[in-house]
């Protein structure tokens, strides 16, 4: 593909191709910077298919995954990504954490920093917590999801999946459907996809639609059938269990009737439209099994892209510290 | 010993020495295949005694230990085994797992697969869950214990312990005593030991004896004293705490009186008979401390064999993917 | 500095410089042995500042961190230390542990030993538990904190921090203030600092002062203001949450009034006196934020010294097994 015809790691546009110290969100990234990260990820997509997947480029570096909120797949994905690149990967689980002893977030950040982490991967239940930590430490910080704010590597892996399956992101009509109000996945995806010139439609019950969402350059729908008209990509969001029991939706069964991706509903999108879901899925609620496992589904491919994208981010963010030519 | 006089990894019998993709159980293994795994383990028994224990043969490979049921020693053993061979080892704990979010087992399996695991080690509380996963993934799967079904590496380490301490497995009279009804350890051991031509006696209270156990080519006893007559090996099973409070046994004290391995009772077996226990032990219930710590006990040796056997299994199952000569 | 002018790892005083198999406490160490460990740590302080922090000297060795009591920073610190030296590091968490199944501590120790650990790092809630394990295993044991007994690497990192910031430990007037009765940190620090010829004052409410503390060659105070007179170093202890609600102190607010390190109180110490805390801190209780974050604070430096000290201990204790010249 033409998008990787420059050597990874070289400078383009007469300056640093990725001038950011941290990756706290998609917000603030230029389109060519997003594209650069996707280009970098391509090499790892291929490498991960062999049994010698990474190389030792992060050897000697300490990657700390500090997860203040439980996670399985994102933690696994970052841990695998770091280990494949040769980093010393250490997990800090919230359950064992000093945070439970009343330590402040800043103290925790300074502790991790003092242990000479070379890169911190942070997940936190509070929006903005990752940025707060990034401001206090000497090493690059990667946001693995913070509150309702951002989940940038999820957006990157989704963009990479779309680019590889559809040839490009620009011009694609992408429908994002589900709990937009509480979703950092949706927020980061909207930012990335609009930056890459996709046409983004969002769809949610009015109780789960953020106010003034149009300002994010998307078209809001409450009618899923209407939103699906001519869609190239249908991205379903996970319905959090706590919403199912809340006042925001009537019932899981009712939700499925209006917002679940059934085979009948998928037929309203373009033939061969891509089906995506960040996982874990509530089968039979926001997505039917026949759709999730169908030929149009890219759901397991998203997981594979996740490891590749995280390898790319870990590599790129540590280049300056590693003295890689053109970055130091 | 004569059992390792062929080069590990070479073909024997004019075909692949270990033609199985997975190790989900002892069932279905040929005696020479079991013997091959034991032979392979021998090299690691020696290597583990030095300070340079493994080698980098699994370098670049990703081993995911997905434990849906808590475990300490089995998880530790597999983790140490993989790391000694140079693999990137990643643990997925059930407690942090998406399974808690209602994700199906198949979705979890597909996620681990999409991350390009090179070998999966699975423990699960449901019999058959490991097989279910094995059918859905592209990489070898190792069963680390599933429900009441199988725990094949435990049976292999027990067979290796017997072979090393008694010279051979064939012809040994082995008594397995305890909760046979619920024990995957007993089940895998019966399959392995009978395949290797040991004479196996099983002993349990009638409430804990599986129906029609004779069909597994063992002789059932409810009288432990009678079973011990002329035994070469006495293998005690752990009495699960939940049984102790249940209706299946009268009380731990009563259990010990009839089925506990006391010094007096051990005297009924052959002089120098081997004492085994998969651990963790309930001292003073199924086994007395003086027996567990006595000269006939092979209990800590079993633990050492466990690491060696798991190194062998991880090595053998990944040979095809690594392109080892004669396996690819 | 002159304290590192002999080559690390060489013999001094005509014999092994560190003749101990384990590090279960500061008690029993000669002053020159403590100094030797601090000297060894110096190289890692420097190395940790680069991105290639350790080397492969522990490659092939298995380090098991068996933490029977929760911990974040100490576990992280030992895990990072071992990985930087190239060891295969495996964590055993109490929460998943066989200990929960009623296994005895000795059985757990023998299990870890049988897996051929090359070094065990143990934390346990019971005083003396680490020594008990050390007596049963073939490999070196490092105490990462046991009950109210000792936390030797904490004392070493504190001594290293003082030596680097004040030029020497000998002759320094160090005030240790807080819950002396329950603190293993205080106990190990008193032993190390007095061995290195510091003048140690201890300060606590009378309910939290151990009886006959004078026998440890320290001067006890109940009046913090008086203790601070002419202090070179002020070392605050963490007030455990369970004490705050107990009968031993009136209230956190009252405690701060009499024993909290406020800016006004710090002014009673020597100008530029060093402020230390083992973390995690209760800001606004035993220490004010302006002091913790002030120019005299060495608190984050302590964390950095912790990794270096643990690297030194892991290296030194495994030299014999690794056949390092002069140690085997």
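By letter and in written order, the chains are A, B and C; residue numbering begins at 1 in each of them.
What we mean here is this: contacts are C-beta pairs under 8 Å (C-beta built on N, C-alpha and C of every residue); 3 or more make two chains touch, one makes a residue touch a chain.
Just so it is clear, the model here is predicted, and its values are computed rather than measured.
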Among line, ring, star, complete and other, the chain touch graph is complete
For the copies chain A and chain C, the interface residues, called same if over half of the numbers are used by both and different if under half, are different
Between chain A and chain C, the Cα-mean centres are separated in Å by 40
Multi-chain touching residues of chain B, meaning two or more other chains, are none
Within the complex, chain A is touched by chain B residues 59-62, 64, 88, 90, 92, 95-98, 101-104, 107, 110-116, 118, 318, 321-323
Chain C residues touching chain A in their complex are 48-49, 51-54, 70-73, 75-77, 79-80, 83-84, 93, 95, 241, 279-283, 300-304, 306-307
